[in-house]
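As structure tokens, here come the structures.
Each of the two complexes below includes chain A, the first together with chain B, the second together with chain C.
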Partner chain A sequence: MLARYVIPALLILIVPLLPFLAPWLKVVLIIALAKGIAVLGVTTLLRAGQVSFGHALFFAIAAYASAFLARSAVGGEFFVMLLLGTFAAGLSGLLVGLFVVRYRGIFFGMLNLAFSMIFWSILEKFYYLTGGADGIHVRRPTVLGISLARAEFETFLFYFAFLLALLLGWVALRFLNSPIGHLFQTVKTNETRLQYLGISPRRTLLVGYVFSAGLCGVGGVLLATVQGIVTPDYAWWIRSGEMVFIAVLGGAGSVAGAFVGALAYELVRTYAAAFAADIWQMVLGAFLLVIILFAPGGMIGIYDTLMRRLFRNGGSARDRDAESEAAYRPAVEGKKP
Partner chain B sequence: MTAYLMEARGLEIRFGGVVAAQNVTLEVKEGQNLAIIGPNGAGKTTFLNICTGWLKPSAGSVYFRGKEITRLSPRQICRLGVARAFQIPQLFTEHTALENMLIAASAREGHWAPFTALSRIPEREEMMHLLEMVHCGDVADRPVVELSEGQRKLIDIAVALALKPRLLLMDEPTSGVASSQKHEVMEILVRALAAAGVTSVFVEHDMSIVERYADEVAVWAAGVVQLRGGPAEVLEHPDVIRDVIGETV
Partner chain C sequence: MNFSLFLLAVFDGIAYAALVFMVALGLTLIFGVLRILNVAHGSLYAIGAYVTASVGAAIFAAGFAPFLAFPLMLIAAALIGVVLGGPIEYLLLRRIYHRPEVLQLLVTFAVFMILEDVQRQIWGTQPYFEATALQLLGNVQVLGVYYTVYQLIFLPLVALTVLIGLRLFLRRALAGKLIMAVTEDREAAQAIGINADRVFFLTFVVGAALAALGGALASPTTSVLPGIGADMIVLSFAVVATAGLGQIEGAAVAALLIGLGRSFAVYLMPELQVLVPYLIMLSVLLIRPEGLFGRPGARKI
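Let's look at the complex of A and B:
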């Protein structure tokens, strides 16, 4: 059973070495990590059985908040931008959440989409504030007051994003494995019982919603700083769809899957765009189709199946209890009896 | 102040042309096991739905320990000490039996700290004991989706008991359980209720269960409480034999 944990540990250790092996990968990896953190937000909501088609809203709000800060007299300090962006995303998550947690299923998904598209049109139309479709240029921020050259800043950003991804992945796992996290996940299976336990499903969902919005915010700030520009595309519905796409690709509801999916997505996208420029979306579409048809548990599901076959006798209830990931069964499996 | 634990006064509710409750007045005394019997569609489950806040009556009031709860939500009523077990067990199917119990204990105790593992909350032993009390200790680590209907019924009741309620409302606690096991399940249940000092109201169709485990019986028909009394007295009433039982017990 040890191999089950050793392989991911080795993979985690390899990631920080990648920029040395292939320096051109650095920016691709930062983007993958930024998106992975945002997808972690979407995937958290999937644990409660809710799919949001509008989480790019929080991604964009955080990105624009940090861009405004960088443009202001205060100037761009990376950590302040990150804190402000995440706070703005969390606060907007609370405000939007108060409304959308009243709905479930398709209504929940579409209302989120509606909010993100309203924000997108605000970004497009309030040109004098937002720069319209041209967006806002985000100057390279200082890091604890130190101005870094582009290459140094990207190196810092890569390692910081990597550590942040590990930290937030751990935080998400702890949250999902905590009593409040379990209550949040029961919104998916039985809201009636939840009410008869004296718990408000709406409030419980709201807690997870704000958490997921905050995660999207972190991703938004990271992407804004690495790309050096924020545009209304950050809130565009395709960005939200991309997050759901990556979540399903990695393994719907899986914390590790959010990052594995984001990494695979960015690599396939980069290579497909380079070698099959006209049909890269088709390549990605086919990739997802294969996953949905043959491995509904996503890439993490494939890994789990592989490990189970290799170590058929391994695993105990304690393993299952210890790792919230394993405690989760994807939506496609066992519904109510 | 009323002397009753729960009291329904003049309840009325209609679904279209169907009268599910009409001028219903029913009291539940502390410590008793009150059975509600009646033909299908008589309004028994509707009564439980009203008492737990799921449905709001068009007239009448419900009191719990002297406090009016008619317009409160199910979760507010639950917080006051009224728990419910369902005809179809309402459990978290993706969780194990013990996790269901721990979630209930967390809800009761208000464990909101995001960094404490559910499996490590202080009430773990207490919940394990409750599961053992309903004879489900050996399936504690199995997802409830894999368990039999009878086990799920018992866990559903154990989850309700985990809330440490004053009153437990049960809808057909032995339905779905093999007839050979009904009395065994009920025996376990009544013992668990007595150990926890919980008053109960249960809807039941099996008259042998009612006769053996109820202190008092209320007969329900066409949305009205037709008759009330001890099991022996009620179950031998000619109207009950004709309309509810269909034969002599």
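Let's look at the complex of A and C:
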């Protein structure tokens, strides 16, 4: 049974060594960590049974906020950019959230999509502010006032992103295990009971929504600084779709799954996308269908099943299927109206 | 804004509303019966436009009569409904009717991702433009303003015909009554011997064909290029949500509202053109969360 925990621990230890073993992987890993943190936000919402097709909105807002800051007279200081970007994402998460938490399911997903499309078109149309489709160049920021060369900056960014990912993963787990986190997950399992307890499901969902928007913001700032440019693509629906895809790939609702999924996705994308650039969306879509229909637990679900089969102390196959399926299912399922 | 500009904006709005309505109608019909929001609906619209524009260009270049543009639209729509809509329902959606809503959304979203790339593979990224149908019907002068007959008279007429036809079909025809029965209560309908699977299949094919017909009708008025599918699904969702999910007549009113709002924005504040439909939707939903014509559903405890 120990092996079940040894393998993840080893994986966590190997990641910080990767830049020594394979220096060319550094940027790929930073991008993967940035996306993983953003996906963590989508994953958190999945715990409340809601899927958002527009979380790239907060990703883009944070990225543009930090780009504007870097361009302004204040100049680019990495930590200020990170704080401001996350704050901007959280604030817009609060504003958008006040509206979308009134809805569940289809409306929740599609209204989020609508908001991200609105922001995308603002970025494209108001080109005199946002640079239009060309985006804004983000100069390499200073770190605590020290300007670093490119290689050093990337090394710094990698280890910082890695620690941040660990920290935020822990924070997300703490959040989900806190009293408000349990209430948040009850939105999925039994919202009516929440109301009987005298608790506002909307307010609870809003707390989680702002949290998830903030996480997307952190990811957005990291990606903007490593890529050195922000474009309206950051808010495009394909980016949101990618986040949902990674969340489902890793394991719907699993905190570790967000990072495992992001690492796997980004590594495959970097090396396979060159061969399948034109049909990349198609490959993703097909893969998404396969996961949803045949392995709803995602990579983490497959890992758990594997471990249980190896050590023969798990439940029956039926139990496991029911468990992974439960990732999506509300506990009380009335007949649909 | 003088009177002729005002008229132009109204005509633009009506023409646009007629197109959006066709797509939204398919979306709301499918939702009403299958209880699934088909995110891939926008792709069916785009493929309808692509097929009509590319096949049209090919047959007119080969010297066929221009009036064939109209039957071509119908054929393209029906073909897409059967060839694409059929397998989507039969192979995918049929497996997930009893599954949670989030999962259903993800499945249709995956289909959307796949179809977007299929379009790019087949038609590339170059815009297509084929306006034979538009030119064939010529222009008309209304109160001093010239406008194309195709957009001002033909499109709204088609939309109205489809609306009334669908209403009559659902109320009078046997197949329509079966659809209504299954929508009302699937289990009871099955208990009296209605084949619910077949009803779902038929509904999805009809809904998909409506989306493709919307695309086919739109193709002479605009260039067909990648991305129109994504725009259309969000826009038609805005229409459907403004009206209330599953509301057929409501969708017509909401389409008109959003179409007019958008065309006035084009003349008054061009930057806001893309925003206006969503602003209308958001302001309606703020006051009536179930849409203009929707009824709040009873909660099950």
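The rule is short, and it goes like this: the second predicted complex is superposed on the first by the 294 of 337 C-alpha atoms of A that agree within 3 Å, B and C clash if a C-alpha of one lies under 4 Å from a C-alpha of the other, contacts with A are read in each partner's own complex, and residues count from 1 in each chain.
In this text, a contact is a pair of C-beta atoms (placed from the backbone, for glycine too) under 8 Å apart; a residue touches a chain by one contact, two chains touch by 3 or more.
Since the model is a prediction, treat every value here as computed from it, not as a measurement.
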If you stack the two complexes on chain A, which partner ends up touching A:Thr192: first (chain B), second (chain C), both, or neither?
both
Could you tell me if A:Met117 is touching chain B, chain C, both of them or neither one (first, second, both, neither)?
second
Could you look at A:Tyr103 and tell me whether it touches chain B, chain C, both or neither (first, second, both, neither)?
second
Given the superposition on chain A, which partner contacts more residues in chain A: chain B or chain C?
C
Kindly classify A:Tyr127 by the partners it touches after superposition: chain B alone (first), chain C alone (second), both, or neither?
neither
Determine where on chain A the residues touched by chain B overlap those touched by chain C, and list them.
192, 328-329, 334-337
Where on chain C does chain A make contact in their complex?
35, 37, 39, 92, 95-96, 99-103, 105-107, 109-114, 116-118, 120-121, 187, 230-231, 234, 237-238, 241, 245, 271, 274-275, 278, 281-282, 285-286, 289, 297-301
Along chain A, where are the residues that touch chain B in the complex?
174-175, 177-183, 185-186, 188-190, 192-193, 195-200, 317, 321, 327-329, 334-337
Chain A-facing residues of chain B, complex
52, 73-76, 78-79, 83-84, 86, 90-96, 99, 102-104, 106-108, 111-119, 121, 141, 143, 145, 159-160, 163
Within the complex, chain C is touched by chain A residues 46, 49-51, 53, 99, 102-103, 105-107, 109-111, 113-115, 117-118, 121-122, 125-126, 192, 237, 241, 244, 248, 278-282, 284-286, 288-289, 292-293, 296, 325, 328-330, 333-337
